[in-house]
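Both of the next two complexes hold chain A, though its partner changes from chain B to chain C.
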Partner chain A sequence: MKARFLPLAATLLIFLIAYAACYLQYPNMLSTRVVGNLLTDNAFLGIAAVGMTFVIISGGIDLSIGSVIAFTGVFLAVVLDSTAIHPLAAFVLVLAITTTFGGVMGAIIHYLEMPAFIVTLAGMFLARGMAYVLSVESVPIHHDFYGLLQGLYYRMPGGGRLTLIGGLMVAVFLAGILLAHRTRFGSYVFALGGGVPTARLMGVPVARTTIAIYALSGFLAGLAGIVFSLYTSAGYSLAAVGVELDAIAAVVIGGTLLTGGAGFVAGTLIGILIMGLIQTYIIFDGTLSSWWTKIVIGLLLFSFILLQKALVWASESDRAVLRRRLLRSKALR
Partner chain B sequence: MNATSSEVLYRAEGVSKRFPGALVLDGVDFILRRGEVHALLGENGAGKSTLIKCLTGAYRRDGGTLLLDGESIDPRGTQEAQGLGIGTVYQEINLLPNLSVADNLFLGRQPRRFGLVSTAAMRRAARGILAGYGLDIDVAADLGSFSVAIQQLIAIARAVNLSGKVLILDEPTASLDAQEVGTLFAVVRDLRARGLGIVFITHFLDQVFEIADRITVLRNGRLVGSKPTAEMSRVELVTMMLGRALEQETHSRAPQPEISGAAVAEFKGFGKAGKIAPFDLTVRAGEVIGVAGLLGSGRTETAEVLFGVERADSGEARVGAKAVSLTSPRAAVAQGFGFCPEDRKTSGIIADLSLRENIALALQARRGWSRPLSRREQNALADRYIQALDIRTSDREKPVGLLSGGNQQKAILARWLALNPSFLILDEPTRGIDVGAHAEIIRLIEGLCAAGMSLLVISSELEELVVYSTRILVLRDRAHVAELTGSDLTPDQIVHAIAADGSGQAGA
Partner chain C sequence: MIAAAQAALRRFVPQLIALATILALNALVFPGFFDIEFQNGRLYGSVVDVLNRGAPVALLAIGMTLVIATKGIDLSVGAVMAIAGAVVAATVAGGASLATALLFAAAAGIACGLWNGFLVAVLGMQPIVATLILMVAGRGIAQLITEGAILTFNHQGLIFIGSGAFAGLPMPVLIWLALGAAVTLAVRRSALGMLIEATGINRRASTLCGINSLVLLLAVYAVSGFCAAVAGVIIAADIKGADANNAGLWLELDAILAVVIGGTSLLGGRFSIVASLLGAMIIQSINTGILLSGFPPEFNLIIKAAIIVVILVMQSPAVQTLYDFLRSPSEVPTETPRQLPGEAEAPESLGRPQ
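Up next is the complex of A and B:
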């Protein structure tokens, strides 16, 4: 197996072992009901994490997504509460806002040569602040169309429900996988993560790609916000605090290099599922504190960072050995 | 040797480039023919890379015309030059190690089907391209998993595939071993046969004579000459590069007596693979060993191995009678060694610290931070060396960065002298300082050696070297090839030793 795929394989293996362990203790864990809930409960986080995966592969970071999710929720709640705009129109409007917001952050990062960390940190405060400006209260959403969307689901064999938002997350992941690994844009994202000066020399449109990456992250954060408002039927400016950190954790656990240049969108899905699985287990157990989720995720993160470092070391020493042999055996005519 | 076709492919006329305060290219002409490997040579600062950057549009030239296939061109960047047919491969490979080989070859122009990259088609095409270079590798693997040599070939394949008329290779062989160089040259010959014009920049003269059809030499931003390789001798080439008129009466000077005093340090079979071939060296008290060679011949590498900057992987070192291991500069300092590196701006002075602090630095480092030098001791130390070396400064608290080059050099020298070393290595002590300061540094060197210190001085100023050296080591292609003593200590002999063919008897 190529070293590139090792982190992904390790994540998958951990997920399967963890799931098997849970199944042995609580056989119900394998039911489609649990799987359906796993997807539904983590839909907004998963969608946001897809955007985060692109950002991190490109060598950046986006700290604003939690705030953008909250802003989206509050915006939708306030707009639906105080105007007669149809939710679909409101969705389009809010997605346009969050996409532009991300694109502007990308433009600042590129043109002003500012670190993504600082720019998106400012974006985080700005979006959260805008949510407060709209409303400091939790605003409930009562709209027939919301009820319609929340009622949509596909009944899986065994009685589990694949809800609209759970299905949407899966669709976003599929689209993300194609975009990352099968398009020129995707290869540009990886190229930026490999080194911006080199990428520029090789003809990558650096400005356009950087802006597009953060716009994509903003778009997906907005979509996650819509999903979150469907999930909670409310908009609250204090919601989704720290979601960006959960997303980063899922991305790293999914085998994406935090320094950029290598990673998998599919790995992020497994990362999300691992985190969801731990929470589900805690609910099944009933006696454990929910903080165990954080502890286990912390430990997992540590072990993945170690794994990635070990892989880097291993591939470096490999290369020294391979160097001469490969050349002699193959390159000579 | 291939017959060179006479069809001109790329012609540069009167190219000039000015940087603030300096004219780095002064009306240089350069003619590249179809199916020709054209070596571009010159010492540091000769203007090679500036010329290349003007040819590829990386720099905007201040004057001159560029004609590609007889048509005037004016590339505004490397991308545009690439589109016109001029590809460049740099020494540090400019590909992305985290992408697959196929992605690297096709980045931005991957074949697509229904909007998605057709991976299979791309890999097929990549294999097809690389087959033309005798490479049969897994194009889906990360580029970074291959050796530098293979990455180099892939970079060439990409450049040729993108541009296809002119290929510029900027020191492509610097980090390759002999066998890898052979592979690379096979590819270069093949491309030449396909009618490309290839500009080849290197420091290795053997490689120039092996592969180049024509040689152009630059010096100080000016064209020195351009000739077919067949009509050029090694001595002529070295003379052109170093700018020595050999016929001229060389510096007359009484041959220095050979010193046969006690060995301060002895090195046997000392070397590091890929840096400098194993060499023997005995350093005697009170002698100055000069080191001569072209840029990239292994001069600095010799110094770095001796001082433990690069860890030697063969041979042994003895100081006095006992064997020592020089694994780090710290270990070398403990043995009484000192080293003033070539580039004092990046690895010597600390520009923002005062003269006093710069002088006290090495001594303080040896004492360890737990036993600080008192301010009074530092002052005394600084004053002593400011006087002894005649460092021109208003006071000892002046930041070193504000002093002139010659005085900065003296400050570094003072730093090492404060340690009272038994063996001091100076790498290009007179580079970048004015002529008056040259003479002072030379006087200092002579004074130090009269005081019983041993020195190893690396310099490309041959006239200077013969003045102060007791003997001179000549380096070529990362190996010590000759040692000159007595009446052989003339610039003339040094040039002959540098230029001597690998098989010939050097410096006889």
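Up next is the complex of A and C:
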């Protein structure tokens, strides 16, 4: 097996072992109900994390997604509350806004040559501020169409429900995998992560790709916001605080290199599921406190980054050995 | 000597102008802004309030400046604040003396900083990832110490640190002024500051020059952890309790912002602690100004975002290039001996990677 698949394999292995351990303690963990809930409860985080994966593979970071999710929820709630617009039209409108928002951040990052960290930090303040301006209070959404969407699910054998939003997350992940690993845009993203000057020399349209990456992240954050508003039936400007950190953690646990240039969209899905599994286990256990989630995720982050470091060292020493052999053979000749 | 002082002053011109503008705006929307009263042995007034409320961010900015100067970043300071607050509250509630409690909190902060430094300097992790680990796990650890509750205490000595006054000034103000002065003197009156800058510009080259960059990085992150611990103790003492969930929440972003406003580049290298402290005061003046003006607090974040964007655009390398291009060719600094005195480099280049 190639070394570059090792992080992905390790993540998958840890997920399977953890699930098996949970199953041995609580046999009900394997029921389709738990699996269905795992997908539904983490749907918004998963969708946002797909966008984050692209951003991180390209060597950037997007701190704004939590705020964008909150903004989307508040925007939808306020629009549906005060106008007669159909939710679908509101969805299109809000996705256009968040996509433009991401694109503008990408343009600032590229044209003003500013670090993504600080630009998206400003974006985070701006999106959260816009949400505050729309409404400080939590606005409930009562719309028949929302009820219809929330009632849509596919009953899996065993009584588990694959809800619309859970299914949407899986669909987004499949689309993300295709986009990252099977399209020209995907290879541009990987090339950017390998180094901007190199990518430019290879003929990657750097400006267009950077803007598209952040626009994609904005679009997916908007989609995650729609899912979140379906999930909670409300818009609240203080919601989804810190989601960007959970998303980054999921991406890293999923085996994507935070320096950019290497990673897997599928790994992010497993990362999300591992984090969801920890929470499910805590609920099943009933005596553990929620802060253990944070500590365990911190430990997981640490061990995965260590694993990646070890892999990089290993491949570098491989290369060193090769170089030495090459030199020796030249000397012999 | 006078030339050096002038150069140093010129370095702070953008920050001073920004601060003066915002203070003037504050005075415009709230006429009594500059009024200061002396009551019960301490000063009261909006300006004193800015200095007092800005204490946590100012303290964090001291450590953050050093970390950013080494081309790093410390995302964990908010979580470290929560840990230090929890430690100090738990020790005091356990009946220990104030000195012990403060010692424990400081030790916790330094330990957190050393952990970050270990990940960055020894394991070679990217600083943003290395400190993300503690940022995520740190609040969990703090909750572990407080056992999930808000740990309250009624220790007069500790409360004095948060809300007492000495020589007319609130304690938090004195603490950040003293710590800022101490760290500035330590790095500027010795070669330390220059070594930190060298490490930030090129760690490998400075190691080859004989700088012990490993120890330097460890020390810098430890200082950042210590500053965060002091800020955490002040916040806990101010509310008479340790709130593991909310103490110092998102303050790491404000601290980074203060450093960026202060003109220290995120790409490492030349830094100024005084400018970062001015940056922290600028942020606090904005916050206080919005509160005083009766403007809805909802606009707080939008105004903050707008100000960051303006400052970013001013500091961006692309705009710098344009500026250099537009200046008449005779003024553009060239590689002549005129540049050699070094320190007198054009102050407009603030924030540009050297």
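Points worth noting:
Please note the rule applied: the second predicted complex is superposed on the first by the 322 of 333 C-alpha atoms of A that agree within 3 Å, B and C clash if a C-alpha of one lies under 4 Å from a C-alpha of the other, contacts with A are read in each partner's own complex, and residues count from 1 in each chain.
Throughout what follows, a residue touches a chain if its C-beta (ideal position, glycine included) is under 8 Å from a C-beta of that chain, and two chains touch if they have at least 3 such contacts.
From a predicted model like this one, the values you see are computed outputs, not experimental measurements.
In the superposition on chain A, A:R4 contacts chain B only, with no contact to chain C. Once the two complexes are overlaid on the shared chain, A:L301 sits against chain C while remaining clear of chain B.
When the two structures are aligned on the shared chain, A:I213 is found in touch with neither chain B nor chain C. When the two complexes are overlaid on their common chain A, residue A:V252 makes contact with chain C while staying clear of chain B. When the two complexes are overlaid on their common chain A, residue A:M52 makes contact with neither chain B nor chain C. By the document's definition of touching, neither partner reaches A:I109: not chain B, not chain C.
Against chain A, in their complex, chain B makes its touches with residues 78-79, 82, 94-99, 103-104, 107-108, 110, 112, 115-117, 119, 134-137, 141-142, 144-150, 153, 177, 179-180, 183, 186. The part of chain C that touches chain A in the complex is made up of residues 73, 123-126, 128-130, 132-141, 143-144, 148, 244, 253, 256-257, 260, 266-267, 296-306, 308-309, 312-313, 316-319. Remark: chain A residues 2-4, 178, 182-184, 186-188, 190-191, 193-195, 198-199, 201-204, 261-262, 315, 318-319, 322-324, 326-328, 330-333 touch chain B in the complex.
Taken together, the chain A residues at the contact with chain C in this complex read 61, 108, 111-115, 117-119, 121-126, 128-130, 132-133, 136, 245, 248-249, 252, 258-259, 289, 291-295, 297-299, 301-302, 305-306, 309.
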